[in-house]
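In what follows, subunit A forms one complex with subunit B and a second complex with subunit C.
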Partner chain A sequence: MTSLLQARRLSKTAYSALWSLPLPVWLAGFFLGPMVLLIWLSFWDVKNFLLTPDFQLENWQKILTAGYFWSAYARTAVIAASASVLATLAALPCALAISFFLSPRARMVLLGLFVVPFFTSYLVRIYSWQIYLTENGIVMKLMAAIGIETGSLLNTPLALMVGLVTLTLPLVIVIQAISLLSLDRTLIDAAYNLGCGPRRVLFATVLPAARPGIVLGALFAFIFSFGDFVTATYLGGGKFTTLSILIADTVKSGQQWPRAAVVALMMIVTLLLTALASITYAYRRS
Partner chain B sequence: MAKTTLTRRSLLKTSAMAAGALAMPMIARAQSVTEMTMLAWYGQAEPDAVAEFEELHNVKITPKYYVGGEQMLALLAQSPAGTYDLIHADAEYVQQLVRANFVEKLDPEDYPFDDFYPEFHKFPGHWHDDELYAVISRFGFLGISHNLDAVSVKEAMSYDMLWDAKHKDKVGHFDWHLPNLGVLSLRDGNAQPYDIGEGAWDRLQDTTLSLKPQVRGFYDYGGVLSSLKSGEVTVMPGIGEWITGVLRRDGANVTTTIPEQGGIQFTESFSIGRGSRKTDLARKFIQHASSPAGQYNLANLNVFPAIIPSKSGWERMIAEKPEDARHLGMFKGDGNAIDLIRKGRIHIRQLPVQQDLGDWNDFWSAYKSA
Partner chain C sequence: MSQAHISLKNLRKTYGAAVAVENLDLDIEEGKFIAIMGPSGCGKSTMLRMLAGLEESSSGDILHQGRRINDLPIWEREMPMVWQSLALFPFLTVRENVEFGLRMNGVGAAERKHRAQVWLKKLGLGEYADRGINQLSGGQRQRVALARCLVTEPSVLLLDEPLSALDAHLSVQMQGELKRLQRELGITFIYVTHSHSEAFSMADTVVIMNKGRIEQAGSPEDIYLRPATPFVAEFLGGSSIFDCTIRPRKNGELVLESADGTFKTDALKTAGLAPGQHVSLVVRADQISITPAAGWADNEVPCRVIGEEFVGALVNLRLETGAGTQITVQLQQRDMQTLDIEVGVGVTASWHPEDGHIITE
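Showing the complex of A and B:
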């Protein structure tokens, strides 16, 4: 009897282990492995345009003391933070409407529609924005029709924001909407019963309760914007050197993959710290 | 008389035999096709560039494209000898190909140098210790490329126009330091734009940084084409007919002017890869590319037009495509491409002599971030 129980327990443990296996395997194969390789690569040397295994600190020293690295770093952080705030603010009314004012059927249709942009390549969507924003493009012509003369909007901070919000907005809306939909509705009823007006219900009950979703949405927008290369290149015209552009430049000239690895590691560390701080804040007891 | 019946099995058997018989010449032909590999800049081994040779010699050329000479060197360094039969490279990288032992020596007697203008009989970048390693295929000049609706040829005769307030936010850059810093070095008055001392290098950096407020953006090949075509950018230093020639085919009113301070020359060439087992065929390819017919073809490649060193090729261009020939500088008389070289207005693009290539690259990154 005891041995039967032990066998059953063992089989259950093996069963759970089998189901849990893909996650650590995936993490080891696609995150930890490449990460270790990247760290190792950052100490290598390049001799005659050929990567040579080595252990030297020169790449770190070169990048961390370069003024252009820190200016690109600050610029990337500011651009990503701005896009994140913009996407969060633009998504919020949309997510509130989806969660509280639409019928379940309409809600499903609309959430489905927000997934549609992902069917088209991001690069194609950014190229199509060029047609709108370029010299004598659609936006310039529409503005002229209503009497406002503008120059080309390409290669401006506005174009950068348009591209990054195009990338992140649908995802932020979906995350926020899921968070708002899972809200305990009795909290809202209780707030009304206690005499709160709609504005106070929104700011004192709904938004604090939906904080994890709002913060996570903003975090995803920041992560995608921080590492984006396409918008910075094709809507920013390479004029706003971000860290992704710096990586491409570093590799392009001199085949300096080790120095590019240093830039990439600095980006990863920044994103890990940002994610840690954001998640701590999102789930902090207020 | 024996009775013959057409069964399903016999029908299938007969059909298979017939199909086999019909396909035999194609199979035999396919078996005899020789494959030759070519490491080349994008577009240089497309059908318009190689189909004629492929047909003549029953060869299939398989290209491996690269973007930038350093990527080419890295690809060669990572591949075993003999991977590439033909190497298409810019002149400034041929010396590095030689030093790294990536290319075979060539016999000058094999190629029609007599038909080339004298300036290309012994092109410096292609020879090392009096031995030939590369044969020039075509070349072009880099100066100021501009939209003629916004900038006249007269105005473009000086690089100083780039700083003119009316071109603020209308100056674009092809995103590569070597041609841009080369032409700005000429603007600074450096007789040898790539061989400059520390003082001149500091001055060049100041000159370049002072241009940044005028700059609209930094573009790759596609971006250069679209920004000049749309009018987003009206003037670009450091590019040439390899861009404006393509845009003009599409109806754009653009051209390239070589300012009085001078222009930069890029030079393409073919070499035979070290360890190639098809050196005879590779040599025939280079001979074909150097022949009058091959040269005429190279001047008109779809990827972009360029000037050719062959005198016979010039004659044919002037006779058959006078307008294209004129824009490229292939015409008789004063001001043609050879005349500009002889007058000393053209300087060959090369790697920095007194600074490390990394220094130029770091400065370009800093300039873009400024």
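Showing the complex of A and C:
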């Protein structure tokens, strides 16, 4: 009897172990491993365009004291933050409408539509924006038709924002909508019940209650924009050197993989800190 | 005649073809504690939500101090509610939760803070003002929900099963506090619950609803001693109900004839009851005793014991008569031993003619 029970217990343990196996394997193989390699690489040396294992601090000194690194860092941060704010503000009315004014059926259809952009490669979508924004492109002609003369819109901050919002908006809308949909509607009734009129309820109750989702959406937009290479390259024309472009340049010029690793690690640390700060803020009380 | 604080006149609420509340008439006096009870779906919550403005009435009037408020939006009704889920704002601190209603009504920051603090202290939450809602216990949250409503100094407080999430001990403690608060403040409490003990321990008036209608409204004592309908007697539980017909005896005395035998009841002497009339006889569990053998008393019914339920020092004995009527008897724990009762044995239940309440149909 006991042995049978023991055997059963054992097979149960084995079963749950089998199912929990992929997670640590995946984490080790695709996250921890590369991270360790990256950190290790950042201390290597490059001799005659050849990577040489080493342990020296020169890469870190070079990058962290370089003015071009910090200006790229600041530029990337400003661009990502702007895109994040823009996407959040653009998404809010949509997410509010989806969550509060649509029938459940229309809501499902619309949320489904926000997945459609992901059917097409982001690169292809950015290429199409080039055609829209280029000299004598569709946007420029339309603007001219209503009497606004513009030059080429390519390689402007506007083009950058268009590209990054294209990348992030659908995701931000979906995250915000999920957060607004899971909001306890009794809280809104309770606010009304305490004398909060419909014009104040948005800022006094709905948005504060949905803050975790709104902050999380903004965080995702920031993370995607911070590391983006495609928009900066094809819509910014390399005019705006972001950290991703800096990494590419560093690798191209003289096989400086170790210095590129330093830049990449700085990006990772920045994003981790941003994520930590955002999540802390999202769940803090007013 | 003094004007009722809140009056419901012919109030009705339908959802399509389904009737949630049917032609409700109710006058609520100022400063009273009203408990509204009934089974799930009886319309009690719908009625409360109509009062608060969360549901629109289909027809009829809701009067607040004589003024019709049906068309007032929720935020202008000034009838704060303690919600079943409490609905405290998780993104605000305890103090900010309590200040919310004042903030919405344009009370300045300093006064808001002061008034919130007064109420938090009064409810024993003074030191928790800067905590988050999730850092409080169930009972503390309950008090925050109360403070959040009472700080606005309303003339009426709506409570929607506020204690249902608390454990039994805490619930009893809160019942005492609620009653004390209501008495001190002298404001009207309208309290929806499905719990008998909550309703009967706190309320001045108990309203029993069924299928969207009021079955009976009265003092707890009145409802307990004189249930107006078989539904009320059954809903309150602990009573045995016999379907009877009034029959005259040769000496002119009226008796009740039922499938379980013929019963003498003093209540038959009241005027207005005629032979042939169909009535229900309600006998409370504490009025029925067990006699070891037949022939000792009036109103004897032979039964079989089908269940026992221990409630502290008392035992609720469930019996079934030969005709299938269920009878509940309340005994002292020690009587169980002397009478040697166990499930399956035959016993005789009896009650005095002066006990027993008649419900005409």
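Annotations
Quick note on the criterion: the second predicted complex is superposed on the first by the 266 of 286 C-alpha atoms of A that agree within 3 Å, B and C clash if a C-alpha of one lies under 4 Å from a C-alpha of the other, contacts with A are read in each partner's own complex, and residues count from 1 in each chain.
In this section, contacts are C-beta pairs under 8 Å (C-beta built on N, C-alpha and C of every residue); 3 or more make two chains touch, one makes a residue touch a chain.
Keep in mind it's a predicted model, so treat the numbers as computed, not measured.
With the two structures aligned on subunit A, subunit B fits next to subunit C without clashing. Applying the stated contact rule after C-alpha superposition, one finds that A:Gly197 touches subunit C and leaves subunit B untouched. By the touch criterion defined above, A:Ala72 reaches subunit B but does not reach subunit C.
With both structures placed on the common chain, the touch criterion links A:Asp184 to subunit C but leaves subunit B unconnected. In the superposition on chain A, contact of A:Thr134 is made with subunit B only, not with subunit C. Once both structures are fitted onto chain A, a short way to say it is that subunit B and subunit C open up an angle of 160° at subunit A, using Cα centres and rounding to the nearest 10.
In the superposed model, B is the one of subunit B and subunit C that contacts more residues of subunit A. In the superposition on chain A, contact of A:Leu246 is made with subunit B only, not with subunit C. Of all Cα pairs spanning subunit B and subunit C in the superposition, the closest are 43 Å apart.
Listing the residues of subunit A that touch subunit B in their complex gives 48-50, 66-68, 71-72, 75, 130, 134-137, 151-152, 154-155, 233-234, 236-239, 241, 245-246, 249-250, 252-256. Of all residues in subunit C, those touching subunit A in their complex are 52-54, 73-81, 83, 85, 87-93, 96, 100-101, 103-105, 132, 148-149, 152. Across the complex, subunit C is touched by residues 184, 186-187, 189-198, 200, 204-205, 208-209, 211, 285-286 of subunit A.
Within the complex formed with subunit A, the residues of subunit B that make contact are 67-68, 70-71, 73-74, 77-78, 100, 169, 175, 177, 215-220, 223, 226-227, 230-232, 357-358, 361-362, 364-366, 368-370.
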